[in-house]
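Read the structure below first, then the notes.
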């Protein structure tokens, strides 16, 4: 099952600056061979459900190992069986109608 | 890794009434032996990461099999390694301070 | 416009224990005369859009005033114009089909 | 109060293709003079709290007026008082550490 997710991982108990943890997640996502696109409030990721979700789990494990005692994550997660759709397709479909 | 999540599954392309799909998810969660608590905008679920996430995946597979061509899900997902905390603990911690 | 929301406010830079901030939000919601229901990963709130959103803004202002330098909040937010629906209706609609 | 949000508006009861509604929201955001950045699972928006939230409300009103009987929206919403931070700052802070 192909999935597109939006991932926003928030470590708690480590102060207000959390970018080093976001960087660690980005590296995990890339090492997993997943397509992703960073934005100002999370990261879009696309791939097979099990591979994507294994990367999300590894993000939590890694951020805890980096010293964060608590993590709260928000995920939006889309699947469809009527047709294949990529992250690029979704953005293009809006941009085409804008112009 | 113990996790508490808040799950909100939204099938698209099946009209405005989605409660039968929510019911299917509730049954999947119960059959998985997971503790859960339904609220007006989702369901809290608590358990081992892999068991909880397998149930979420089964929700998507089942709702697609019921005829929904597209699903968008929102998940909040909390882990902590400083101490064990249940869903009941979280609610009690707020309610104790309210009274 | 009537709205049902699920609100989860997460203060950053104040350590791992955030229940006192959740309590402050609960009091703001009650003082606004809004119906609400606490759960393990947020609070459901129901009412007129402007009243609900004013309460959410006051939560941010209050939590900053309590000393939190940064806040990240997740909101799910539902409106419908086909019929009136309360938080209790939504839960009942699922529970009726479960039994 | 300056805010950065991530907005994902999902109309229900209008089939699986929702890009025309996303386009309507993008136009509302631009007409409000707000900075925004579209991604594959929502739109980042930055500005004064009241202006941003008025745009979100207008999105719901407009999408209902376009014929959608029901809407479910997910918003992530960040404020901070320790320093001013833009959407571009947030992305740059991660990208700088990646290289």
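Every chain is named by a letter (A, B, C and D) in the order it is written, and numbering of its residues begins at 1.
To be clear about the criterion, contacts are C-beta pairs under 8 Å (C-beta built on N, C-alpha and C of every residue); 3 or more make two chains touch, one makes a residue touch a chain.
The shown structure was predicted, so the numbers you read here are calculated from the model rather than taken from an experiment.
Trainee: Taking contact as defined at the start, I'd like the list of chains shared as neighbours by chain A and chain B.
Mentor: For chain A paired with chain B, the chains in contact with each are C, D, in label order.
Trainee: Do the two copies chain B and chain C share over half of their interface residue numbers, or under half; same or different?
Mentor: Same: when the shared numbers are divided by all numbers used, the fraction is over half.
Trainee: Which chain pair is joined by more contacting C-beta pairs, A-D or C-D?
Mentor: Between C-D and A-D, the larger count of C-beta pairs in contact belongs to A-D.
Trainee: Taking each chain's centre as the mean of its CA atoms, how far is chain A from chain C in angstrom?
Mentor: So the centre of chain A lies 25 Å away from the centre of chain C.
Trainee: For chain A and chain D, what's the span in angstrom between their mean Cα positions?
Mentor: Chain centres of chain A and chain D, defined by C-alpha means, are spaced 18 Å apart.
Trainee: If you average the CA atoms of chain C and of chain D, how many Å lie between those two points?
Mentor: From the centre of chain C to the centre of chain D is 19 Å.
Trainee: At which residue positions does chain C touch at least two other chains?
Mentor: Each of 13, 16, 69-70, 72, 74, 76, 78, 80, 82 in chain C touches at least two other chains.
Trainee: Using the touch definition from the top, list the residues of chain D that touch chain A in their complex.
Mentor: Per the stated touch rule, the residues are 4-6, 8, 16, 19-20, 22-23, 26-27, 37-42, 44, 46, 74, 76, 78, 80, 82, 87-88, 90-91, 93-95, 97-98.
Trainee: Per the contact definition, I'd like the list of chain B residues that touch chain D in the complex.
Mentor: Going by the criterion above, the answer is residues 10, 12-13, 15-16, 18, 69-70, 72, 74.
Trainee: Quick check: in the complex, which residue numbers of chain B touch chain A?
Mentor: 1, 13, 49-50, 53, 57, 60-61, 64, 69-82
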